[in-house]
Amino acid sequence: MLKIENMTMRFGGVVAANKFNADIEKGQIVGLIGPNGAGKTTIFNVITGVYRPTEGKIIFNPGEEEQDITGLRPDEIAKLGICRTFQNIRLFKELSVLDNVFIGNHLRIESNVFSSILKFPNYRKEEKMMLEKSLYLLEKVGLKDEKDGKAHSLPYGKQRRLEIARALATEPKLLLLDEPAAGMNPQETRELMEFIKDIKDEFELTIFLIEHHMEVVMGICEEILVLDHGSLIAQGDPESIQTDSNVIEAYLGVE
Amino acid sequence: MGNQGLLQHLANGISLGSLYALIAIGYTMVYGILRLINFAHGDIFMLGIYITYYGILFTSIPWWIVFILASVLTGLIGLLLEKVAYRPLRESPRITILISAIGASFFLQNFGIVVFGGRPKAFPIPNVFNKVIKLGGVSISLITFIIPLVTLLLLLGLTYFITKTKTGMAMRALSKDYETASLMGIDINRIISITFFIGSFLAAVGGIMWGIRYPQLMPLMGVMPGLKCFIAAVIGGIGNITGAVLGGFILGLGEIMLIALLPKLTGYRDAFAFILLIVILLIKPTGLMGEKITEKV
Amino acid sequence: MKINNRFKKSLSMLIITIVVLFILNKVLDDYKLRVLNLCGIYIILGLSMNLINGFTGLFSLGHAGFMAIGAYTVAILTMPAPMKEMNFFMKPIVPFLANIEWSFFPALMMGGVMAGLFGFLIGAPVLRLTDDYLAIATLGFAEIIRVVFTNTQSITNGALGLKGIPASTNVWWSWGLALVTILFMTFLMEGSYGKAFNAIREDEIAARSMGINLFTHKVMSFTFGSFLAGVGGGLLAALLGTIDPNMFRIVLTFNILLIVVLGGLGSIKGSVVSAIIVTIAMEALRFLDESINLGFVKLEGVAGMRMVIFSIILMAVVIFRKEGLLKEN
């Protein structure tokens, strides 16, 4: 699904990512872990086009329909089917919960702006579909009752769920989750793990996630990449990572 | 045009450039720290000139003391402006503080109209400045020489202040990385107040020399120079003091040369700055000496 | 059903407005009618700026420039040839414009189109810039337009301005178009594209990560806004009968900004109400600038006092409502 080749990201003198390689297979749940400042979000930012890598390539759908997405704009990459959530939650705060998800549909809209103003039938039909989809996603994350409230009025945990719902609205093939379990208690964390597995199956997603909660990482990831100071120091399934000396040395298992 | 004409124009251009530079510094210092376009800066410049005007005409204080007092007073007004109009909004969305800046600018302009009257006044030029110097066959007024000299001295003083004093270094730290610097125990309010004071002081000095050079005073006289000097700061790289000076000179010389070489375009003189602005924003938005800022996501 | 209720409500508001306008049109004297027309025009102008600045979050200060384009287009297109000759006594008007005489509505639409076109051309390079740069760049363009208009004697009559513009604006035009604008804005903003504009205002980074092309949407918003500003400018020209480049200084943009800020950035209703209140207040407080003769005593007006008060109001609103200027629609 995604291949990162020798990607290096430099900011002035700082090397945030150093010859990073990764190969994410379709349908996998892959985890990215590492101490704080290791460069994990930077990698997400490069994949989604927020930064252009100093060196290296990002290839989407490697194989027959492959696409070099290095240097593409974030909105172009989203249209291709890669969407993300943010470490620090970036909801559209003053907009309603429903609108936040609704906007996730906009990138696929086919009617033009004049159809929307004049409320032509083709637009009305699309709008109805977008609305239904948004309501469905809200229900799925358990936020349907709060749909008319403002996004910033939601408690933290629900805001995270809203962000995921919004990302799902863009109909991604690859979903990047940046610390989805942050600030969650054990009960919520377990529900999140079930939720991630559920949406992966229902929407046929490939999931790449950054997490500090080892319970989540070890619990649902099939493969784990370990990052330290911008370099990949270990790679493998949960068991091998837990016993890898490099990983233990760098850091391990702070809940 | 001949060599004499060219010399004349060069002298004028350098003079005008110096004045623009002095005013542009105020914009760039404020922007560097607060990321705010102080729309009211041009009107502070105007206030400085008027204060000097009243100081000379209505008190018996010797003119050179008036110059100093007026500049200090203007500096304090700038400081006050920050306290009243900008400080309360430091945590607010950017557009809010920009609107306050515009409001402050309009307030000062109309305050000027109300208090000083809309009719043009003549700046009382001390006699010594009326001397004319003959150079290479051309007559150039003394003030045209004094302006770059004073500017140079002030710039040297400012550079020393910024690089060698603790306050100056704090200013630089704040403009490089506001968040980190504020965590380092720097008294932000004090530094920002000093920044506004210095910027407004320099604008007043520039204003006094402007008044000597172009003695017609009007309450709206700060609008155009204000806009142009912000543009000068942008051209040089906003946030960068050297850049502001460079931008000021480019603009001043460019404007004079434009009229000199293409007298038909004199009416478009003011548009020159704006056209330069658009060009720079399209080619190198960070300005001639600016650095690219990467956004943190 | 929800839709029917809204339709019923809007229809009744519309009918009430039409009746009120009809009555006012008959009853008010010329001066007050002028103010009424100005209210309608400023509704259009306020909404046009709100679209760009409030809903999409772009800090544009170029409004006066687009109004100028609209105003001059309408003036030149509707002015009969003999009147043009009288105006262009210093330098004759460019031949191809000399004999053109359009009727009001096409000229008005052309004014909007010209302004929108310039909005598109200016927007394309300039909208990639961040907030403050955008403010200065748009301000710069407005000034360039003004300077150009002041110098192109043979098209705009330069600093002399244009007099004798056919006074086509009446209450039905100004308020009719205001209502159309309100409808346009409402439908635009409740649709997907309007929501995308809001998303851009709320968080550009998140918006583009969700697939919204920032550039195309910003240009779209900017172009619509300039089109409406042009229409507003055209209506103004046909109301005042006289225009000159000096009318379109930054002050004009400031007045509209005041309206938008007071009504709430991002609130259609707010802009409408605010436009009416501010326009009336601007006129009513004119006495502050001029002298009042109360018969037994004459109070000296102080020129500029009006604007001093308005700028204080603007700053006060912004400073004391600092939690945010967005109002619920």
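To keep things simple, chains are lettered A, B and C as they appear, and every chain counts its residues starting from 1.
Throughout what follows, contacts are C-beta pairs under 8 Å (C-beta built on N, C-alpha and C of every residue); 3 or more make two chains touch, one makes a residue touch a chain.
Values in this document were obtained by computation on a predicted structure and should not be read as measured data.
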Far-end chain from subunit A, centres as C-alpha averages: B
Central chain (by mean CA position): C
Whole-Å gap between the CA centroids of subunit B and subunit C: 32
For subunit A paired with subunit B, centre-to-centre distance based on mean C-alpha positions, whole Å: 48
Subunit A and subunit C: spacing of chain centres that average the CA atoms, whole Å: 43
Residues of subunit B engaged with two or more neighbouring chains: 297
Contacts with two or more other chains, residues of subunit C listed in rising order: 205, 324
Of all residues in subunit A, the ones touching two or more other chains: 50, 86
Residue numbers on subunit C that touch subunit B, as the complex places them: 53, 57, 59, 61, 125-126, 129, 131-133, 135-137, 139-141, 143-144, 147-148, 150-151, 205, 250-251, 254, 257, 261, 265, 302-308, 310-312, 314-315, 318-319, 322-325
Residues of subunit A touching subunit C in the complex: 48, 50, 73-75, 78-79, 83-84, 86, 90-95, 99, 102-109, 113, 116-119, 123, 126-127, 130, 166-167, 169-170
Subunit A-facing residues of subunit C, complex: 184, 187-188, 191-196, 198-199, 202-203, 205-214, 220, 324, 326
Residues of subunit B that touch subunit C when the two form their complex: 31, 35-37, 85, 88-89, 91-96, 98-100, 102-104, 106-107, 109-114, 117-118, 219, 223, 227, 230-231, 234, 267-268, 270-271, 273-275, 277-278, 281-282, 285, 295, 297
